[in-house]
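Some structures to go through are shown next.
Paired with chain B in one complex and with chain C in the other, chain A is shared by the two complexes that follow.
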Partner chain A sequence: MTYLDGLRDAASVDAIKNDLLKTAYENEGSFLHRLDPRVLLLWYFVFLFVPWLFYDTGVLLGLLAFVSLLAYVSRVSLFLVALMAFTVASTLASYAVVTAFTGDPMAAIRALIPFTLKLTIISVSSLAVFSSMGPKTLAQGLRSLGIPRQFTFLITYGYRMLPVLFEEYHDLVNAYRLRSAAPDSPGRFRWRHYAYILRISMRAFYPMIFNVAKRSRVTVEAMETRGFSHSLHDEASKDLQLADLRVRPLDVGFFGGSLAVVAVIAVTL
Partner chain B sequence: MDSTHDADIVVDDLSFRYPGTDTNVLDGADVSIAPGEFVAVVGGNGSGKTTLCKSFNGIIPHFYEGTFEGSVTVAGLDTATSSVAELSQHVGYVFQEFDNQLVNPTVFEEVAFAPLNYGHEDYRERVHQTLDLLDLDGLEDRFIWELSGGQKHLVALAAALSLDPEILVVDEPAAQLDPVNARATYEHLTELNADHGKTVVTIEHHTEFIAEYCESVVLVEDGAVSWKRPVEEALNRLDDLRAQDVHPPQVTRVAEQVYDDGRRLPVTVADGVTQFTDRAAAGGVRTDGAIEASPATADGQSPVIEIDDVSHSYETLRDGSRQALDGLSLDLYPDERVVLVGSNGAGKSTLLRLVTGIESADEGHVTVDGVDAGSTLPETLADDVVYVHQNPEEMFIEDEVRADVAHYLRDRGYPDVEERVDDVIEYLNLGDLQHRDGRLLSVGQQRRASLAIGLATDPSIVLLDEPTGSLDLASREEVGRTIDRAGQRVETVVIATHDLELAAAWATRIVVLDGGRVIADGPPDAVFSDTETLERANLRPPQVVRLSERLGLSSAPLTVDGLASRLASDAPVEAER
Partner chain C sequence: MSTTSTTSEGWFAFDKQDMMVFILVMSLTGLQNAVTEILPEFTLGPLELGVGEFVFIPIVLVLLFRTYWAALAVPVGEIVFGEILLGEFDGLGAMEGLLLIPVCYYFAAKLLQDPENTTQLALVVFIAEGLEEFFAMFIDIGKVYVGVEELEAVPGLPESIFVLEAVDLVTQMVITGIVFGVIPALYLYPKLHGKVEPLLGMEPYQGERGASMWGGFSLKAFLAILLAFPLAFVAEAASEVGGAINVVWEPEFLEMYGQSFIAVPIVVAAIVAVVVWYRATRQTS
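Showing the complex of A and B:
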């Protein structure tokens, strides 16, 4: 039991790390990745509105199937899908709990299903779009739409730091474990053990933040010596960085095709 | 060296004071560096050498508020009125904490970052040329965080070179890298200097590298430049260097003990061989100090740590899984001072982590004091085993050193926490630092504090991961003494390191790892005499060992004193020339 647990603790952090990094960086083969990020962003913008135009559960399920297919071909991280499914289910469950006191919980859930479906459609399309773009293309797309580089750079840098932060966090959790006392008896379903792990997992965040803050000084200096702030006002630099953005027939086809699919679903279902 | 450019550095009466402090960190510094020079900047901790070098590309004064007097002119530009961006086209800078200067996911993007920022249309060619220059081609699409330390350092160097600056400043390459990678970096710097005419300035503590690669030395003392001299002359100023905690090369220290006629002492192994040959030959080849039998491990004691046919691997994103340990077996006995040596990635850290139980072996068994480490919680194993992380920052989980030392005892409800903490703090001489935040100490102090955290748990087994990493030589000696003292309190100490000087001076048993396997195991003199195996493990024996070997001394002495007394006694008459 303890052996398995130990293994799971170690493996799951690594597994989540690898899963998220794959989502961020290993998307080059996926279909959506080949599209121009600006077209994808526009597509996403449209799909933020589309679900709200329909009330029929059948149509909404059809739309959900469509965006799920897109999410599938863009190889969305299982961890993120599980996280989303958990959120949706727990939201519905919490409605049921609340409405149990005020009236018929099943009726409330039935009434809330279309609303939840709409939110889910949007969540799934977000997953599909943002995990197939990758931080670099996303930053390029936003930058070409006029968002300042200070912000778009943060996106790529944030992703870049993820594995480093994971590693550091893992080390700090381990530092806590090696210097703390585990509960004497794990309790029923080992809840004491998990509560203990949860507690040190939360405490490990603080030293991590201090360490990162301390190091950022060098990062800022180093970026300056490589012309980061110079690039903010340099048109040639901007053009060069956005040079490989291009809207091609594939992009137009995808956009038009998606609208056609929506129309077909709306008419037939 | 001939130079292809005319970018010189002229520092004229430079003073700088950080805000909120009373003393100038730079105080009337004067130095000039000509185009195409290869210069080492040396000085003690806090002497101002890094501040001096940061004035070359304008980080001082543009990035640090403070009082700036005097002038710095680089490539004809006055740094006070030129921007960092402008100066950076002439000065490439590799920071000491180079890990934090890498801000992009892949090698290609990292090296392309600067040319793209300056809008150079030929950025692709620049990247490929630069990678080619540093033998990094083929790594373009690799993720930075999956590279080894040595590769990361070269990528940081490539990123600094991508703008084709005339001047390169590299801050403490040898402190952050293992000796083999540090040499690789210096070889590349030499090539850049000799073939491409770059001016190279390194901040360096390792005089062995200075002697071998640099042309001249700048000594910084209390914020001023004491002198700038050609390397041989500079390294012969032993008193000046020692006053600044800079240790002369081992060969120079040997010669200092052997000769007292005020002659010019050798600074490299090659020099040493020429000077010492008559001495070594005079006494003939001695064999009396022959290799002794294996250490006192086999006299019936049962091992405290048993590692039985252990394999372990890690997943990476683009390279599949990486085998860290490959069917490794090893028994460690009480009262041993074991050093695991091997280059980066040889499996040293993985092995230590398996002993603590924070990771479980994929295959095989690790047994600690009779308990199976794979099926025991790390919290339980921590009763006997303490692991001191190679990066002390990961050990500081409280906001003062004292609380960190007490954490384990408090959490486990020991009755006499305060006395025990006082005891450890006094033992390791941390009284003045106990109420400071561990993260804000110097690296040497951090190492001492992290050892105190470990010792407070009163362990019987201490695992130290790279305890002398990122330390200058003075702090290294201090940590060495601390480890010695720690060793007196505990039964078994295991150190993982690539610092062979530490291994030579301290160990009773050396285990050489390579590719996740044990390739040599025995007492230091036996292991060090087998240079072939060391080379296979990508390790470089300490200078005294190499020197003795070149001199044909069998059973090579492992320390400066050892070699000096051999050479002194081997000489029948004082060999004057």
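Showing the complex of A and C:
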């Protein structure tokens, strides 16, 4: 029973919540975080294409190892990695099971493995890049590439608001739980318990909608008093915001180094 | 009630009220996305059993505000909160939602003509979710076709992909569309109608008693769906399949020129990198 409890603790909603919030906020020290966001975006763009250049499973596995190392260095959430691994494995398995009825399952797996590997390489590299970049640097990078300020503002806004909203929502769920009675018997597989939690987590959105509505009105009014719309067309304000972006030798080294690694993998394997 | 002025300069015909609605819909969709991310879910390959999304929240909000911006805020919320913050952002692949969800939701929202008619409300929510899922299914199937070379050569594989995606559509419609879509929306919409809009300084939508849904059939919105679908497919194919590369870069091509031909894209990438670096340093200095 204690093992079960331990498992439940590790997979509890709170642990996962903390894990996800850590992914979003605690990336200050990671290696990729120190790089220029524009270089990272370009790197990501290149790695969207690189896997499609190869058909050899060995080369693809090498690439996967390389991007996994990067993901490891940038401290990606274990929960997200496990989720992705499970999705990949179960997708392959389900195709095999269904193909067993319609044809040759082994041939299907063989045909799908390179495709799945390529998709996995791309997802792991996006996980590494976007979880280590941090929304503020991402917004800066996108802004310098010409994405409108309105959209990059929303990224930073979401960055600031997500923990607040999470906290508020959690409080509402707890308030609902205090004010209502839990089901007397949990039922088979505790289904009554889960149904009860689910109903409450849906109902807690009702007051939440009003809170967020008020908050968004206050946000917009506050932004207007500080001249948000006015600054949208002002070049000087853009320059000021992007003043600390700089491509340094480290960035070029990282970019060139990854390309060299790809070349080495392609030649040796 | 309204103290904010609505000037139309700045955000191209995007006034302060649109921005409030945008932030509201975006935050709630994102929160919903993050919460359902945490809830346990049973995923079996492309089949998802369990709480996919509390889809009633974005749909009800779009039905209340009925603007294109409100519908656009739904995928943006999912991208900003659910993907970028949690590091699951998949670049061009996010374009699928960005293109498809707003047009489908906007088209459905326009169909709602009588807010007090429960049948109409249920139908509209179902149509919004159904349209989106339906097009997403075709994109999923097409994606595998483009991505796996010689797919037809493997006996039984194309059929099995089709079967799995069709079963997924049905389960999605029952679980996400009805249990977490239509049923809660029927409770939530009347409870919010006329209460949230004044908070943002807006008039609630009155509609017309007994009006038929055909009155709201917007040809423009329908054409937008037909236009967005191929675009979404191209974006999705480009992201997951590396664009045209996969078409040219067949194994036969490699046999002809040898794997050393790989140097070409690497050199091109290096040149692009140098150019970008040069431009960036010149800008900052």
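As a convention for this text, the second predicted complex is superposed on the first by the 212 of 269 C-alpha atoms of A that agree within 3 Å, B and C clash if a C-alpha of one lies under 4 Å from a C-alpha of the other, contacts with A are read in each partner's own complex, and residues count from 1 in each chain.
Methods note: a residue touches a chain if its C-beta (ideal position, glycine included) is under 8 Å from a C-beta of that chain, and two chains touch if they have at least 3 such contacts.
Keep in mind that what you see is a predicted model, and the values were worked out from it rather than measured.
Novice: Quick check for you: in the superposed arrangement, does A:169 touch first (chain B), second (chain C), both or neither?
Specialist: Only chain C; A:169 stays clear of chain B.
Novice: After the superposition on A, what does A:159 contact: first (chain B), second (chain C), both or neither?
Specialist: So A:159 meets both chain B and chain C here.
Novice: First (chain B), second (chain C), both or neither: which does A:207 touch?
Specialist: It touches chain B, and chain C stays clear.
Novice: Does the superposition put A:265 against chain B (first), chain C (second), both, or neither?
Specialist: neither
Novice: After lining up the shared chain so the two structures overlap, which partner does A:150 touch, if you call chain B first and chain C second: first, second, both or neither?
Specialist: Second partner only.
Novice: Touch test for A:40: chain B only (first), chain C only (second), both, or neither?
Specialist: neither
Novice: Under the stated touch criterion, which partner chain does A:117 make contact with: chain B (first), chain C (second), both, or neither?
Specialist: Touch partners of A:117: none, neither chain B nor chain C.
Novice: Contacts for A:60 in the overlay, against chain B (first) and chain C (second): which applies, first, second, both or neither?
Specialist: neither
Novice: Of chain B and chain C, which one touches more of chain A's residues?
Specialist: The larger set of chain A residues in touch belongs to C.
Novice: Classify the contacts of A:32 with the two partner chains as first (chain B alone), second (chain C alone), both, or neither.
Specialist: In the superposition, A:32 touches no partner, neither chain B nor chain C.
Novice: Using the superposition on chain A as set up above, list the residues of chain A that contact both chain B and chain C.
Specialist: Comparing the two interfaces on chain A, one with chain B and one with chain C, the shared residues are 135, 157, 159, 210, 214-216, 219-221, 224, 229.
Novice: Hey, which residues of chain A end up touching chain B in the complex?
Specialist: For chain A paired with chain B, touching residues are 2-3, 6-7, 10, 14, 18, 21-22, 25-26, 135-136, 156-157, 159-160, 163-164, 167-168, 171-172, 174-182, 203-204, 207, 210-211, 214-216, 218-231, 234-237, 239-241.
Novice: Looking at the complex, which residues from chain A come into contact with chain C?
Specialist: The contact residues of chain A facing chain C are 13, 16-17, 20, 23-24, 36, 38-39, 42, 44-46, 48-49, 51-55, 76-77, 80, 86-87, 90-95, 98-99, 101-104, 107-108, 111-112, 115, 118-119, 122-123, 126-128, 130-132, 135, 138, 150-151, 154-155, 157-159, 161-162, 165-166, 169, 198, 201-202, 205-206, 208-210, 212-217, 219-221, 224, 229, 232-233, 245-247, 251-252, 255-256, 259, 262-263, 266.
Novice: Over in the complex, which chain B residues touch chain A? Could you list them?
Specialist: It comes out as residues 57, 59, 63, 83-85, 88, 91-93, 95, 97, 100-101, 103-105, 109, 113-114, 116-121, 123, 143-145, 159-160, 163, 314-315, 317-318, 356-360, 374-380, 382, 386-387, 389, 391, 393-397, 407-408, 411-413, 439-440, 453, 457.
Novice: Give every residue of chain C touching chain A within the complex, in rising order.
Specialist: 3-4, 7, 9-11, 14, 16, 19-24, 26-28, 30-32, 34-35, 37-39, 43-47, 51, 54, 57, 61, 76-77, 80-81, 83-92, 144, 147-151, 153-157, 159-161, 163-164, 180, 184, 188, 191-192, 195-196, 199-201, 239-243, 245-246, 249, 251, 254, 259, 262-263, 265-266, 269-270, 272-273, 276-277, 280-281, 284
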